[in-house]
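One chain, subunit A, appears in both complexes that follow, with subunit B as partner in the first and subunit C in the second.
Showing the complex of A and B:
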């Protein structure tokens, strides 16, 4: 928090480093809160005690220790990874489609991942590693489908129609997934909670299979940021500057699929994070994708982890699935963006 | 300054690169626009490509800048086939400003001009003192130094176009291609951009621009290329090239041709539709 207050006193509001440090400070505070508060009867005071005694071998409050270290900590970590992945994926997808509404959840990318996982479980797969790659392939399929639709005459230039195409694809894939769940009890039990999007009941081990693909995605993002920023000036300008828009777009779509597929495999389809986070990042740092991406890194986890905290607290002792909550937050933002006098152009 | 003065200042730069096409054929899908075009543009001068709508002048510019891959033939930049040059090498030698480019909201002039340094950078070497010099020079040449921190979309039309040209200047190429740099501007802003383009030839650049405005082309270009239906009807210095016959064949209009007493450039007056334009004799 000291970092945050320090940064707020900076004179230049658009100083990227200041913003970044401030947001990271905020994220640290939220992360701490997510360890302290929960749906169970371990309150903040007991959790705080347990956290302080975490290093020592003996603990007098084993229940609090279990709840914080074994239940809350893993979902915090997953929330951090999923939030960052979805925020970055949203920013990339919006940049590559030059559409401020393009969001993995709305464009059918998450639905593609979820559908692929549902199919895989129906056909007997359940290894976590398999689930990640299956989800990523599904995400890639969803991405390519909707972008192919966007290439059809007229849709590509209209942000809202691209979203319509995505909504149709999402709806179709969701109903197909539901159909499978209706007919197959085993699959339904296996993924019922997963398919609405949630961080609950996840373990740290669920994260491990994500790391290789996330590392690849991170590396590609670093390489692609510059050409992608140039692409925001228009395809012809980017070519004039010596970039290869086609290759860049293709690679960005692969990165989006890796990120969204990975996040979906870990937490289920979570909508609107990829819309809200880049939107806030642009408002704070301006339109350059390189700045936006940096800010998405702390902003994504901030949104997901705070939403996760709220999801535990609104209907205790039960929990609201995270995907439901992000939709509740995100839908008004979407409506606000669409209703805005004019869409911000990217 | 007179037209002759322009030519003599720019003729000093013998080393400036020239652009040539050899048997160049360009097409969009199956629709052939230009066939077997042989062309040579003088280095170190301002060349204006003029012609009626749909005559293929923008297509030709796309071909010269590799936006459009030729169906046959080559474009040679100082003797080198541009299709064989790596993109980044080409971008260090040839800058392109497309028609009415659009800057993202809130992007500042300085941020836009910095993009011009991309061909000189890699993601390992993102920003160098040389880049800063290039950007500062470009801002100064275009008179935008004091506006550097302003958002591009808050500028006037002429200033905005100057900012885009500054980006192309920061690329530090010897050749600059401009697609209708003045077509969306009012008279004052047009002159602002034309004079900037003229002033760039003193830095030894070869400049090629596609423009609609024949009078502006006569006034500000050293070399004129008149295109009609994918072919070149005439080329050369404006005062030698532009004739009433050429204007009639290009645009289907009659006019009286005068010489501008102040600049020596050809001047079109009393422009009116040719009587028999409708029955196709304009072609």
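Showing the complex of A and C:
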């Protein structure tokens, strides 16, 4: 086992703990910024005052207090959870398809979750709790499509074709969702603001139904990290080391579905986070999935929360959908990866 | 310009007609494939039939077919004449023009890229054109008309995609994924502009974002129709070179075809047409896949069915619009959604079926 650990820790000889602490510090700073800045009237000075007086009962600036504690704080929490979930889901999906471009949003996993939620609302479901499990089921469907396509002859070895298929599947599901929204005004009103992908207007209560599934996903990720690292060396090596590739793959898909479905239920479909975050993590920590996963934990929230801050500041009185910003960040990364002379493989 | 099949004797008389429009001794010789001629006539008939049904179908008043025809030629009840000539006819015309334009562009781009999936929509042109058209509609201080802006957008997107991934003639899928990235950026920009403007301006720009024949600004239809005819002629003129260019550059150059110039010409047409068509109907890019595919299935093998693809695209567009109006009436499904629902499975099948040919 020690030999394996040694073999797997090749790449950049940077201290993981140092990196992790640095990124977590950065995340803390960004989180603070996200509480201080916003699209409305409450500026950083007032927000800072309100934060300092949060503990004391008598607050003289009730507006600033309301904005920071009731509007910006829930947004920050959801951003943290969604970012971590999407980043880790991206890393896992890329490891299991062995494809550096495999991104849940691009491959149709998020679109599957969104489509399932649209269907569920059309058929009369409206509870927030149901939305999470339905989205996770939809994401599972999307994941299975991806896995099936990846195992088709010729596709598995060609990262780019898989992405193309995923993009087309996303488009198809998106048009089906649009069709439903057009057909059913009630559904349209119910999810119009959810379907664009945004952190705005979410409450902390929206997070509660997510926690059981996220806990399961976190536990499974911890268990699966080692078999996945072995799987990166090839199927035979993994079997030789006593792992069961099929079971591992299946479990990883379940984890991805739980994470992406949960994130989509909370914030709507957000693309490209699952591409940018593992990409940055690999650049910092090397290809070992265990190191990558650790770094995805702070990096995902960093990307999502800072994108959310920018989305509030670009067009001051109004806000941008978060999905727009992540696309603006992520698409150049996608193009950059594709342009590379040699496509990196995992 | 000597033909690779120069002597009439080498043309198999049972498969081709040899037309000599300028007399027996003229250098202009046109070889017409019998099967393609038949297919084109068939598609033309289908198009006329569908256009007739489309004119006759609608929520306003149920007209009998003879009454529709009379109204079309300006006779009968003034109300009927208004419904047919002022409401439904422009819609059908816009459908034919946009469908034809998208499909012609798709056929040319697929042939040049040697890839069945390389349609203007996938490469990001539609989204680029949409973003620029929306910019001019929501008024960001640019005072160009939507067609011109859409054209610029298409050109910019094409330049980005092909510029970022090198030459287009390269086999493989990378430039398609780069195109998806470029398209995503322009889609995000469109969204960004729509969130910034008032709800009225956003509603005015809505057709551009889904693809619908509802808006169809008259000047955009006019400029598209004016461009479509020369583009079609250019496409037909290029057919012979493109047929050879499908094989490889070496073969084409050996047969005396200027590969680079031919590719440039075809690509220009394939960028201009979607740009103008988007200004009319928004991004209905799937027609650019379905039309040529449909035409290729019917046409003789190893030909580039330029005219057939154009006609098939018009057929698909008019049929999809008709379907969208009839299926969930009184709700109207935008034609962009109908074509996406038909086109996406087709695209997936081409991509995932290991036995499907990826070259057109």
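In this text, the second predicted complex is superposed on the first by the 333 of 346 C-alpha atoms of A that agree within 3 Å, B and C clash if a C-alpha of one lies under 4 Å from a C-alpha of the other, contacts with A are read in each partner's own complex, and residues count from 1 in each chain.
Please note the rule applied: a contact is a pair of C-beta atoms (placed from the backbone, for glycine too) under 8 Å apart; a residue touches a chain by one contact, two chains touch by 3 or more.
A quick note: this is a predicted structure, and the numbers were derived from the prediction, not measured.
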{"item": "Subunit A as common anchor, with subunit B and subunit C clashing or fitting", "value": "fit"}
{"item": "Vertex subunit A; arms to subunit B and subunit C (CA centroids, nearest 10 degrees)", "value": "90"}
{"item": "Subunit B versus subunit C as contact partner of A:244, first or second or both or neither", "value": "first"}
{"item": "Winner by number of subunit A residues touched, once subunit B and subunit C are compared", "value": "C"}
{"item": "Partner chain in contact with A:230 - subunit B first, subunit C second, else both or neither", "value": "first"}
{"item": "Per-pair minimum CA distance [subunit C against subunit B, superposed on A] in Å", "value": "19"}
{"item": "Contacts on subunit A seen with subunit B and repeated with subunit C across the two complexes", "value": "none"}
{"item": "Touching residues on subunit B, where the partner in the complex is subunit A", "value": "65-67, 87-92, 95-98, 101-107, 111-112, 115-116, 118-119, 121, 123, 126, 168, 171"}
{"item": "Contacting residues of subunit A [partner subunit B, same complex]", "value": "222-223, 225-226, 229-230, 232-234, 236-237, 239-244, 286-288, 344-346"}
{"item": "List of subunit A residues in touch with subunit C within their complex", "value": "101, 106, 149, 152-155, 158, 160-161, 163-165, 167-169, 171-172, 174-176, 178-179, 182-183, 196, 271-272, 315, 318-321, 323-325, 327-328, 330-332, 334-335, 338-339, 343"}
{"item": "Subunit C residues within the subunit A interface of the complex", "value": "117, 122, 164-165, 172-174, 176-178, 180-182, 184-185, 187-189, 191-192, 195-196, 210, 328, 331, 333-334, 336-337, 340-341, 344-345, 347-348, 351-352, 354"}
